[in-house]
Structure formats: structure tokens, C-alpha cells
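Pasting a structure below so you can have a look.
Order of writing sets the labels: A, B, C, D and E. Residues in every chain begin at 1.
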Amino acid sequence: MQQNAPSPEPVVSLRDVQKSFGPLRVLDGVSFAVERGEVLALIGRSGSGKSTALRCIDRFEKVDGGEIVVCGHRVDRPDVDLRALRQDVGIVFQSYNLFPHLTIEQNITLAPRAVKGLASSQAKDLARKVLAQVGLEEKVHAYPEQLSGGQQQRAAIARSLAMQPKVMLFDEVTSALDPELTAEVLKVIEQLAADGMTMVMVTHEMGFAKGIADRIVFMHRGKVHETGPASILMSPTTPELTQFVGTGNLKS
Amino acid sequence: MSLQLDFPAVLERWPSFLAGAALTLELAFFATVLGALIGTLAAVGRGSRSALIAGACKVYVEAIRNTPLLVQIFLVYFGLASLGLKLSAFTVAVAALTINVGAYTAEIMRAGFEAIPRGQIEAAEGLALSRLQIYWHIILLPAIEKVYPALTSQFVLLMLASSVCSQISAEELTAVANYIQSDTYRAFETYIIVAVLYVILSLVMRAGFWGLGLVLFPRRRRLGTPL
Amino acid sequence: MSGHLNVNHLIFLGQGALWTIGLSVIALIGGGIVGFVIALARISPLKSVRFASAVYVQLVQGTPLLVILFLGYFGLAAIGLKVSPLVAAGASLTLYVAAYLGEIWRGCIQSVPKPQWEAAEGLALSRTQRMTKVILPQAVRIATPPTVGFMVQIVKNTSLASVVGFVELMRSGQIVNNSLFEPFAIYAIIAVTYFAMCYPLSLFSQRLERRMGRGRSNLAPA
Amino acid sequence: DLLDDIMQAKKIRISTDVAIPPSGMMDSSMKPTGSDVEVAQLLAKDWGLELELIQTTGATRIPNVLTGKADIIISTLSVTPDRAKVIDFTKRYATLQSDVGCLKSSTVKDWPDLKDKSIGVSRGTTQDTTLSNMKDKDLKIARYDDDATMVTAAVSGQVDCVASSATIINQIGVKNPSRVFESRIPLATFDLAIGLKKGEPRLMDKLNGWINDNVKNGKLNAIYKKFHGVELPPDMRS
Amino acid sequence: MQQNAPSPEPVVSLRDVQKSFGPLRVLDGVSFAVERGEVLALIGRSGSGKSTALRCIDRFEKVDGGEIVVCGHRVDRPDVDLRALRQDVGIVFQSYNLFPHLTIEQNITLAPRAVKGLASSQAKDLARKVLAQVGLEEKVHAYPEQLSGGQQQRAAIARSLAMQPKVMLFDEVTSALDPELTAEVLKVIEQLAADGMTMVMVTHEMGFAKGIADRIVFMHRGKVHETGPASILMSPTTPELTQFVGTGNLKS
């Protein structure tokens, strides 16, 4: 894990972000920033707004107020260049969302070819490279349904990596997997962190958050309730985080 | 435009149009109720463990779905008469429409049955409910709810298709149109009015099904999920 | 007005069956192309386009095909367009089939799970690229069985083209019956002929459905 | 002007329903024939034109000429004032005697006997209109889309009376010897005329002239007799 | 937790049970017994046959060989009275399978009324009683979708309880839930155990298995690989169980 000195310009920054679904206020003044090379873990109980915050960063949701800047893109503005933004941001969901009609290789090469105009051979080399990163070289020509859940999730990560994003977002990428498969996916993410990738991850895996995150953001009812280094999980200062970590421990 | 349209000349026959529209609705209503019944039974029958019942239901569904309604109507109307059975045009029309829409309903309901998650049925089995109780309490209503839009459309289509009943002397909307247009030779005006009436009838039917859905699916009503 | 069913009658019926097939093919191709446009229009990001296409679908689906054919054939002529019966029937059937196929296909496109759309969006694909490379290939698989199933309806519905002067299978049967007055025999022959044309399609559609392992119902004007 | 157009094209397009025997029908080799078809053929021959029969259904006979898809209609059009508001009629080229026909075995003699009997009729024909206007007689009318369906209904036993031309009434017994129908109550005599679009006086004159000639030379009568088995009324046979 | 002395007649007993799906042998000679009042935890990696074993007990699967006796019913026999068997056995699945079109009360009263012929008022009293047992009194008139996952799972348990079964089967009832919701469901099961209910549960929650189970059955490739008191989880004797407990710990 690299602890870069905070650069003046964070890769991702949210300032006072507001977001409601109908009458339900889901984000209520959320602010945090992620520096280059930093790994940030978003934790909090179900419904606290973690996924929504993550989705706002890649503009899958439009915010109602506040400011979001990602790699220099003003994401809160209506005129943001979505395709440019998404070339800089990679996102991976809980449900892997590989394209079932394409092989793993085609899944990976699709965007580099269609968006960046890479030649077929270049794109294939790239696919092999990112698949090696996630330990799936031998599955280039398989279809998603031929892979286990953990392998599919790793392939989805590889697909994102192929766009060479400046920051990666992960939304509970292991929660559909059983312990053994979880382990293989977490190993891949650990490696990415070691390689210096900037990452924001929503996770339920407290042990993993402790081990890998440079900083923890604990959300509660649409607000950032506590934030700090991983050590706050050992010595929570608010009763909410205490309770959250407490119940989390049940899953031991 | 080489054609002068004179709507008032045709519209002054509005009582006939209304009577025709009313009969069309009436045909659609009876055929819908009976067809839904027969269709549901046939759908259940297709899942029967008895090969004979399942086979018979399949033959019924396939024979009807793959031949035009008009042919079915003629076969019933003239066939019954040749056997010496003289039923009113209305009865024959309802019977033929029922047989027809029953086959389509059976297919739709079957899809509905199949869309009930396996786990629901296992949960019911685990609670010691009998096969019949499971069908009645666990499968039927949710299945109907799942395919309700398809059923609605099918019954609206049935209403539109009932226009061929004019051929066997049922005085529904198209029959009225044919009469008025040959009596006045104002075919355009007549058919335009009839088209508007059919659109209105189909909207009326959709509204009716929407209202029925509110009654049938109390959960939808309470939770405000759109039908 | 004479005699019994003879070879000429059968040939006449055969010609009618050929017209039925021809009209079906025209309706499917025309309706397929326009229906595709309708399907896309129904999910357009522009509200006005969505609304207009929804109105179109509602109008067409609320009107009997017979009336559409009539208004199409004579309506075009009334506004000064001279068209052959083939063109008029083709156009009317196209409009009709498009409204139904458009709706079927819209449903199929929308039934591609939302996360797939989002995943494609997250990879910076443009709207067109998302459609052509990710959504449509999946939608086509879902759409094939109901589309084949709907073709059965097209085949049967071409019988109404007799109103614009086509002597297709149904009409040829009526004409033959008018000179023989053997309704039971003749309509039975017609029923069997339609069945022979439609059942293989139904069977094919069912097989496709089964292979995809999901039960989908297809809408069916009678 | 339509007449010039026809002459220039050397072709006349005549709208005819071939599903209403014996006026329009198919022979056993499935060629159009019938009294109206022969009248059309005669007209085309006399004028030295090629004949294009526009085969229609009952509902589309009139729209075909209104929208210029056919030039004239020869298809058992009876002349009524309502209809004359929409198209122009020539002089009559034939007449149509309509009767109420009943099963030979039935006892029907006059209108009161028809109570509780359903009467088959072709929808929208002048017979239909005439019966429908007899509101005081309390008749049960079963309307079919064309003559053929009506005859089929009578043959198969769906109705025991029909209102139609004598030719068609006689036809029923031929098709089903166990159900012989005969004319019992005379209904009315209608004039049959050629129909054309309004505002074509030159074509109208020429058609009227042609009808006059052919009434005089007996050709129209011959055609009529050949298909209907009876002659035209005396005042049309000079 | 009650440790009844083993009675001569176990509530559930499997002897040399064989079950294949096509060519795949899923249960390969499985034997174990559950005494009255005992809590048995079935553990093992994914695909080892735990769910299948559980489903065989309630005859959701027919066995190919061996003997299963449940509350005196010979479940392996083709002529077993299924409805009588299922009145004695309650089963709860991972996906709660509440009936979505019925309120919680209707879900619970359906079987007692339809199967046992209880009067409506009696059934409603019963519903209130079992809902109190799982702490959901206030949700009688709610529809399932208005409940959180944990509440739905508790309602499903209440629905089973309403049939007053002699033994309850649980198949990973918490694995679709997040930690907090898991805790509420486990509390309910703990209470049931304390009340002396006989239970067989498939679970991934090692901590919970340790805490509540009287006996552990570790399955591996369709066989019972190790069995013993909860303490075997601390000191596994076979390498397979060692590895299984090891990876399980990742989820800490």
C-alpha cells in the first residue's frame, strides 16, 4: 500500500452533495476527497447511501446540489462530458454485468476498440495483459456463463482496467460470492492497491477494509458520520460506528 | 381531393352505431369471462399428469391458435346447423369467440404459471398444502397478476376480432357499419366513425381491466405499484 | 354455380394460399423495418418522440385491421395517391404489424437487465454503441420466439386483405363456396391449409422459447 | 373528363363483385362469369375497349369508383334516392324482382305468417332496407354479409325464409334437395343501373345510349335470361 | 441450549443416503441422526451437498438409496404420506419465499386454516403468537415487500412455526442478509433452540454454528467427512475441515 503525500488536486472530491429520490433524502451533504493512489473504503449500514454516493461519482445519478469533481470533470454540471468522464473512471458492481453474448476477450476489447479506436490486435494484447493481472489468462475465449462467480467478477474488473482508468469504483464486489471466491477477488483488488491504483470501494468486508483501506468513510443516514484512517474501526468514537462494527463482528 | 365527406348524413344514424357498439361490448364481455375460465382450465390441464388431458388441451390450443377466427366461426355456425342444432347468431358468436380466446388465454396463463418462482411452490409444499390448495392460493392470483397486461391486450384484441361476427348475422359494430355503408354508399364516413368507436371501446375495456385489477390485486392497490 | 369440388377449385385455392404467403412476407418485412423504428422511438430520450409513437401504437392497436386496410387503400387514393392494391395492402399491413412488433420488441429491449445498460455506460460507450453492441444482440435473442409467434398472426390476418381486392386463401375459399355451397368441406380445407402454414411457425417459436428456457407469451390478434 | 381518359387508355375498368351469383361468380374453371360480368364484357366489346374487371367485395364496390380505382360499377346496384346522393346512376339495364321465399313445406302465405320466422337477407341490400322499414310487421331479420353466406345459411338450416331474387331462392333447393325454397310473398321490383362518379355527363350520356341500344336489340334481355332463367319485364323488351 | 439425553428414537435419521443428479453423485452414503431437542449444523463448501441433504429430509428430492426416517415417516419410501410428513417438518429457505400477494397474517394463517382446518379467529390468534415469538407483532397487516430482508426471514420462520412442527430445517437462512439483519434472525433461532426445538441448519456462519449447535456435520464431496461437537471447529482433524475453517475466517 502506497501512502502518497496528498497532492493539491484530489482525484475525486465531493462537496456538500445532496441527493433525494422523491421525498427520500438519500445523500444529505456528503463531502470527502480521494487523493491520487489512495484507497478509500465507504462503509455503513444498508440504505445509508453508500451505493448512491458511488453512483453519483460516475454520474449514474444526477445530484440535486453540491459539487463533484472527478479527474478535473465537473460531474455535477449538466454539461459534463460523460464519455470523457467514464474513460477516466472504472466502475464494478456487485452483479458482475459481463455481456453474456460476448466472450471474455470480446467483453474486454469492446470498449477500447469502440471508444478509443484501438486496432483489433492491440486490443487483444491489452486483453491478455489485464487478464493476466487478474489471473484469468486461460479464459480469454470462454463465455461469462462458463465462469464461476469469482472468475466473472475478476473478468469484470479486468474489463474496467482495460480502459486504463485513473480511478476505480467498487460497489460490494464480493457480496454475491461465497468465502472462497471472495478471497480470490480480494486478492486481485489488493494487488491493484499495491500497484498504486486510486480506488473507492463500498464494502461489507470489515477485515478487508481494515487491511487495505488508507481511509474509511462511515456513512449514516445519508451523512458522513465518521472518517479517518483504518484504525477508527478498532476504536470507534461514535455510538453508531461502535454498533455497526459490533454487529459486523457477528460475521466472524 | 376528389371526395366530399358528409359526416352528418351518416351520423344521424347514431342509434344504430350505438346498438352495434353495445353488442360488440356484450360479445366481448361474455367471451372474456367464459374464455378466461376455459383458458385457465386448459392451462392447468396442460400441466396435468394425465397424458390424455395434457394432450387434449394441447391439441385444442394449437388447433385454435393456428387457424383464423373466421374459419372457426363458419365451422361452428354452419357445422352446428348441419347437425340440426339451430342456435342464435349471438350464442354461436359467443361460443366461437370463447373457444378462440380460451386458447390464447391458456397460453398466456401457462406462461404465468411458469413465472411463479419454484421456491414459492416449494414453500407451499413445505407447509403441507395440497396440489389444489397450492394452485388456488399460491399460483393463480400471482400468475394472473404477472400476465395481467398480456391478458388485457388479448381481450381487447378479442373485442376487435369480434368484428368478423357480422358474417354470421350478429349485428355488432362492423355489421352496422356494413349495413349503413351499403344503404347510403358513404363508406368513408362510416368506416372513420367506426374506427373512432373501436378506439373508444378499446380504451373503455382497458379502463375496465385497470379497475378490475385494483379489486383483484389489493397489494398493488395498497402499495401503489402501477398495474 | 356448378358441380363438385374439382381440380380447378383446388388450383384456385392454391393460388389464394400463395397470395397469403406473399402478403405475409411483405407485411413481415415492412412491419419489421417500421416496427424496429417504433421500438426505438418508444424508448427514445425525447419525450415528444416517445409520446407520438405511443399514440400511434394505441391508435393502431385499437382499430380492427379491416378498417385500417379500408382506410389505407381508399384513403391514399382519396388524397390523390394512386397506388396498386399490392402497395396499399402492403402499406396497411406494414403499419399494423409495426405497431405490434414495435411493442413486442420494445419489451424485449427493455427486458435486457438494467445493469447491462449501466455497465455499457460505465465503459464510456456512446448511446449508439451501447445499443448496437450490447443491448440489441441480447434483445434479439429474447425477441426471436415472440416474433416468430407473431408471424402466425400475420399469416392469419392477411385474410382481411380481401377487402382491397386480394383473392387470398380465405377469399378464394369464400368464392369457391359461393359456387359450390359446401361450407363445411371448404372451410375445413381452408382451416387445414392455414394450420399447415401456421403450425410449423408456432412449433419453431416454441422450440426457440424452450431453448431459451423461459416462457414468454406472445400477443395474438385472432 | 373520364370518358376521354377511358378512350385514351383503350381500357375500361369495371368494378364487380364476383361473389354474388348469378350476377357475378366463378365458373367451374374459376373464370369470372354471371350476368353482370357478361354485361361488362358486352360493353367493352361494343366500345372497342379492353376490359379490366376490378373484383371487389360488397363494401368496396362504391369506394372503388369514388377514388378512381375503377371507372364504373356493374354489380347489381339497385337505385335508391339515398344512394343517388353519392353516385350517379344510368338508366336501368335490368330489374330485380325480389320475393320472400320459404321452405316448400311451410305454410307461409302472407306477412302475418312470418311472425317468429327468421328471414335471411344480404346486409344493406335493397331487400334488407325494404324489410327493415316494415317496422309494423315485427319481422326477425338475419343479415349476412353477402348472398352466398345467406344461401349457405338457408341450405344448412340456419334460416327458413329468405328475402332475395327469385333466382337465388330457387338456387337453395338445387344445393340441398331436402330444403327446397319457393317464392311466397312478392317484395318489390328494383331497377338495376350502372353506377359512376358524379359529374361525368358525357360518360353518362354514352352509357345511357348504349343501354337503350342493347335493350332494343335484345342483347341485355338474352344475358338476363341466360343467368336468371326469366326475361326482363315487358316494358324493357321492345 | 438443552442437551437432552439421546432418546432411543431420533427425530431425523439418515442412513447411507445416495442421491445423484444425472451423472453427478451429490450424496454418496450420508448418515447422521438428530435427537429430540438437538441442534445440528450442516457445514461444508459450496456444492458439497448440504442443501440436497436437507431437501431430502423433507422429500423435496427423492433419494436413490438408503433410508430416511423423520418423526416416524419413512421418507425414502414412495408411499410416504407427504402432507403428514410436512406437518411435522418446518423448512425455511435462504430466499424467504413469503407469498407476495398475501399479508404477513395471511401468509401465516393460510396453512393452519387450509391444512388443519383452523377457524379464522383461532388462526389469527396463532399468527399473533408466532409473530410475537419472532418479534414482528406490529407487521401483521404488512405485505412482504414492505419488510426488510431480516423481517421477511423472521416472518418466514413464524409461518413455519405456526404449523407447530416437530423439527425445523434451515437452509442458509441468513446468507442473503447483511450483518445487522443477520443478527436479528440468528437471535430468533437462538431463542428457538433455547425453547428446545429440534433443528437442522445449513449455515455459513461459523461463529453462530459454534455458539448454538450441539453437533456439527461437516460435508465434503457428498460424504460426511467429520462430525462431532462444536469444538471440532477449533481443532479440526482433517485437512479439508482445516482448510474450510481457514477460508471461512477470511470473512471476519
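We adopt the following convention: a residue touches a chain if its C-beta (ideal position, glycine included) is under 8 Å from a C-beta of that chain, and two chains touch if they have at least 3 such contacts.
Remember, it's a predicted structure, so these values are computed and weren't measured experimentally.
Under the touch definition stated at the top, chain D and chain E share these contacting partners: B. Of the two interfaces, B-C and A-C, the higher number of touching C-beta pairs belongs to B-C.
When chain centres are defined as mean Cα coordinates, D lies farthest from chain E. Bringing chain A onto chain E by least-squares fit of CA atoms involves turning it by 175°, to the nearest 5. Taking each chain's centre as the average of its CA atoms, chain C and chain E sit 52 Å apart.
A straight line joining the Cα centres of chain B and chain D is 37 Å long.
One simple way to say how far apart two chains are is to compare their mean CA positions; for chain A and chain D this gives 81 Å. The set of chain D residues that touch two or more partner chains comprises 59-60, 63, 66-68, 152, 156. With touch defined as above, chain E holds no residue shared between interfaces to two or more other chains. Within chain C, contacts with two or more other chains are made by residues 70, 74, 78, 183. Checking each pair of chains for touch leaves A-C, A-E, B-C, B-D, B-E, C-D. Chain B makes touch with chain E in their complex at residues 117, 119-120, 122-130, 133, 137-138, 141-142, 145, 217, 219, 222-223. Within the complex, the chain D residues that touch chain C are 18-22, 25-30, 54-57, 59-60, 63-64, 66-69, 146-148, 151-152, 155-156, 171, 175-176. Of all residues in chain D, those touching chain B in their complex are 58-60, 62-63, 66-68, 82-83, 85-87, 120, 123-125, 128-129, 142-145, 149, 152-153, 156-158.
Residues of chain C touching chain A in their complex: 113, 115-116, 118-126, 129, 133-134, 137-138, 141.
Chain E contributes residues 58, 60, 82-84, 86-87, 89-91, 93, 95, 97-101, 110-111, 114-115, 143, 145-146, 156, 159-160, 163 to its touches with chain B in the complex.
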